[in-house]
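Common to both upcoming complexes is chain A, partnered first by chain B, then by chain C.
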Partner chain A sequence: MTQPTKTLLERRYSMLGLLLIAPTVLVFCAVIVYPLVSAVYLSLFKIFTPTLEGSWVGLDNYRTLLAKGEFWTSLRNNLIWTVGTLSLQILFGVGMALVLHQNIWFRSLARSLILFPYFISTVVAVLVWKWLFNDLYGILNHLMMSAGLIAWPIDYLGSMPNAMISVILVGAWKYFPFVVIAVLARLQTIPEQLYEAARIDGAGPIARFFDVTLPQLRDVLVVIIMLRAIWDFKEFDLIFLLTGGGPVTSTQTLPLLVYKEAFALNQMGMASAYAVIMMLIMLVFMIVYIRRTRQEGS
Partner chain B sequence: MLKKIVFNLFAWSIVLMVAFPLFWMLVTSVKPQFELFSRPPTILPQNFTLEHYWKLLSDTNFLGYFWNSVILSTTTTIVVVAIATVGSYSLVRFRYRGRETLAFLVLFTYLLPSVVLILPLYLMLVNLGLSNTITSLVIAYTTFALPYALWLLRSFMAGIPEDLESAALVDGASRLGAFWDVILPQLLPGIISTALFTFILSWNEYLYALVLVNSDDARPLTTGVMNMLISSFNIEWSLLMAASVMMSVPLIIAFAFLQSYLTRGFGAGGVKG
Partner chain C sequence: MADVVFANVQKRFGSFTAVEGLDLDIRQGEFICLLGPSGCGKTTTLRMLAGLEFPSGGEIRIGERVVNDVAPGERDIAMVFQSYALYPHMSVGQNIAYPLKKRRVPKSERAEMVAKTAEMLQLTPLLHRKPKELSGGQQQRVALGRALVRDPKVFLLDEPLSNLDAKLRGHMRSELIELHQRLGRTMVYVTHDQLEAMTMADRIAVMEGGKLQQFAPPQEVYRAPANRFVAGFIGTPGMNIADGVLRADDGAWVFEAPGLSVAAGDLTAEAQAGPAAMGIRPEGLSIGAGPIKGEVQVVERTGHENIVIVRVGDGMRMTCRTAPDRIWKVGETVQMAVDAAQAHFFAEGPTGRRLNRAGATGALLHPELKEATS
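This part shows the complex of A and B:
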């Protein structure tokens, strides 16, 4: 084969490659790139949502929001929620993965039962938990009272700090299976010889966990923590449906604030400013995560 | 031996505690209304009834919402998986300028929060006159489903040995012919899993549906069922639990298909939260 024909073929292949990626690029530009750019643009306007009429205000929205207490409380709530629910997910997820890695009875049934909360709709999860939390007829209050833990029914979602704790717990319940799946997959690839060697050296189960399992899990745990931190930070459905940000604004996180500003207070421009700031915060996590993935790829 | 039994009991009691809310949902949905208020609560229903399911199907708009959700999720899945299959083939097997940047963009959008995109998308779809239609939701759902499907299919595509394709090319097949005859059959399990995951994501989506659709004609299950909770004068928990069970049935079917694949081991990033 001569050199020119090969390059011709290669050029034709590149053309075909571009043709095949074209639909993706078109859709990306229309529904992701364009909206992303216009989100930044919108944040420089004052827009009334129902009429969608706006006037240029420059950076005023940003000045207002940084001076507002509500932004800072929402950011604080967002961090409490993310750190709280994420640490529970990791602790419980790793623990559960270790248990499910053992040869327990009906292991595959147990695994499916554990994974199920992750796959059901957030709407379903919230409805079920609202019924469990119900102050008059909820089973949770009944169980706690008959166990003697509480004397009176608790208001799980309507008072603080209960509301934040409940939201964090439900979030942990809903999303820890993700950690279980990922950790379980990694556990299955740890060579058995490592445990054998540790056993010969006289390491007990706890020492084996810290000396063999944990170092092997380190990489996957870093990835899981970053991914879940990003996803938990931007969580909207669960908190919005459980408490709506209440009582007052005690569980209001940034995504809820964006929604409220845009569709309850009808300030589309201001809402965009909140959204842009929120994205800038997330960008830190996202860049760290993307860098890491690229390193692994190359 | 005793140690093993104790460990099993311990493991299973945790599993059952995690699964309890779902068990409770099922039990509540088949209890008659008065039994919900009995003290102490009955763990298993004393009077088994399917009246709530009947009421859900005959007295509420549940079937309408269900149908909307089926159309919406199926359309989204077909559109997204079709675009992502050829897209991932191009990203993995072709060399051209900007390919790396594109792969990076896919990962970036995969992590993007929907609240940022929703405001401009809302304006865009209102201006296009598409608000309150299922089409508007299909367009909005591609924003999270397409990056996700691309990312998943890319890793499946990378797992197919390049030699297979080269062999077909040496035998005189065209590039597209090789794609059709060699790559697609190999990729089929990946395509099916991606389609199921995309379907689950679309089926469960809430925020876009809340913002973009405000009429029962186009409302999917998530916002529809939530509306039943908000608009009812006194909350009928059995009815809502029956709705939750019915809403989860397609997911259980999808899950059953995915299960062997999932428990075989699935790396992080494969499942979106």
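This part shows the complex of A and C:
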């Protein structure tokens, strides 16, 4: 067998390709591969954060954390938060996208306004929500009391399950615009003739949603759910600022636990071990996502 | 018996009038083509019949029923779209079964009807494929199958062949004709392609500017166009139309244009002395001898005939169809003659009415269709 020899031009093209991709590869190594490897490496040590000095403990950190109740509570909280907020985001997001896809007179204004929660900084959003939720001066309690719905102010963030529900709701409010925009973009590409054909075939509005709209949204929904699941799973700032993981550890998710271990308890090694476990869990999402996109590519 | 009736139907989009005062009587089992250039209102007309647009005025009837306020799914019609509009996530079988499913046809019956339709359209081996795995022609057939399976009263086809390549289009054309003969159903077919209309239709409704220009069998549309627009629109190469004046000369009409004088013979009472136009098809002109002098500009050889474009008088170009045995050279000066029996005369204006007495050009006028034309 003869090897196909490359012409000079072909070789020049591949050189150019390598040259163009090199900066990306270097940056990728510096900001992704190096931290990843060092996190795995650190997780095998017992390290005191302020000095970064420590001793080799092998897999002890992992053994400890898997035996600790706090890890499992946090994992459970993490899953409740992710599933809860993601379902609401999808529900609100798709619903709102369908509304905004209609020919309503305030459509273009509403389309821009809907992005507001997504654009606003998390710190600002959380401060606003904390005021709304406040048990003494919060407008939510005030309105509900004057409407006669409740007799006493509700403690939205300081008791369970209110705290988890509040966090999930704020998360859904903050991130559902992403779903709206992605779904709306897809809705606009569904050919009008499909709906017309369905009408002639005798399909009513509900049948048209399930037989035309939803199947067309399927692919984009899979991508949105994958991406948002990964992002929600590692959400830190919103929960940290809103409840700090409290009351006690009721809304403490894994990212908050990592932070606590690393900077409150000064256990960098242990924190790394948590982070590595988190990464493994998210790897499942990533593999599903990658397989999904590869299928579509082929 | 009329199967589909448009009675003074209007359609306005804001201040734009898409269809104006449309009257059409379509008989049961007829194959009708709505023909016209883009924006003439033909698709709007079809969509009103389908129930996808609501008429701004007038009445549409299918059978005995006024359908102005009837939902598309309840009109007993089926439609084939230009883009086929197949449901992409459903297999061929599911696509064809969908209208039955929505009408709650029992599953066993459904399977039988789908199988029968697939058989007829040679789709049986493709029933489990998805639309995107099919060629354009196969997708077209599935779209037809979805329309056929329900055996509706009226079939609506919106330029169904325009996304196919030329060869397949010719093939599908004959298949559609055959299908129509077999089913005997009323079909309303929208097209901008006059070849499709001429070859398939029982009657052609020529539309322009939202108005019906002529509604007649293909031969009549070709040989006795109702007005100047129809004359110019139908036929390839198009009819030669010369602007000039009509003059009464001793009781006989004479048409005169620069370098051209033709005895117009017997015209209708509408004829007036003054500006008018004469139309003559390329086969009504002969090169060789005659009173018209011109210079050959272009010669197109198609094999079975030659199309010769000649510059006449003050620059007017006339297209002439000649036998292939004589080759005319570009630049050659030639003499031409108009076969007066084949000349059409039109009143002034872009849709000026034809002034010949019916049959004066040897057109085959069907007596029973006269009322539809007038």
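Operating definition for what follows: the second predicted complex is superposed on the first by the 291 of 298 C-alpha atoms of A that agree within 3 Å, B and C clash if a C-alpha of one lies under 4 Å from a C-alpha of the other, contacts with A are read in each partner's own complex, and residues count from 1 in each chain.
Here is the rule we use: a contact is a pair of C-beta atoms (placed from the backbone, for glycine too) under 8 Å apart; a residue touches a chain by one contact, two chains touch by 3 or more.
Quantities reported herein were computed from a predicted structural model and do not represent experimental measurements.
By the touch criterion defined above, A:Ile224 reaches chain B but does not reach chain C.
Legend: residue contacts after superposition of the two complexes on their common chain; A:Ile150 is shown touching neither chain B nor chain C. Touch criterion not met for A:Met160: it reaches neither chain B nor chain C. The partner of chain A that touches more of its residues, comparing chain B with chain C, is B.
Using the contact criterion defined above for the overlaid structures, shared-chain residue A:Leu91 touches neither chain B nor chain C, since it reaches no partner.
Applying the stated contact rule after C-alpha superposition, one finds that A:Val212 touches chain C and leaves chain B untouched. When the two complexes are overlaid on their common chain A, residue A:Leu59 makes contact with neither chain B nor chain C. Judged by the touch definition given at the top, the superposed model places A:Ala197 against chain C, while chain B stays out of reach. Overlap of the chain B and chain C interfaces on chain A: none, as no residue is touched by both. Within the complex formed with chain A, the residues of chain C that make contact are 50-52, 71-74, 77-79, 81-83, 85, 87-89, 98-99, 102-103, 146.
Contacts from chain A toward chain B in the complex involve residues 10, 13-14, 16-18, 20-21, 23-25, 27-28, 31-32, 34-36, 38-39, 42, 52, 96, 99-100, 102, 104-105, 108, 110-125, 127-129, 131-132, 134, 137, 139, 142, 146, 173, 175, 178, 181-182, 184-186, 188-189, 220, 223-224, 227-228, 230-234, 236-237, 241, 254-255, 258-259, 262-263, 268, 271-272, 275-276, 278-279, 282, 286, 289-290, 293-294. Those residues of chain A whose C-beta lies close enough to touch chain C in the complex are 191, 193-194, 196-204, 207, 211-212, 215-216, 218.
Against chain A, the residues of chain B that register as touching in their complex are 7-8, 10-12, 14-16, 18-19, 21-22, 24-25, 28, 36-37, 39-41, 83-84, 86-87, 89-91, 93-96, 99, 102, 104-105, 107-109, 111-124, 126, 139-140, 142-143, 146-147, 150, 175-176, 200, 203-204, 206-207, 211, 221-222, 225-226, 229, 237, 240-241, 243-244, 247-248, 251, 254-255, 259, 262-263, 265-273.
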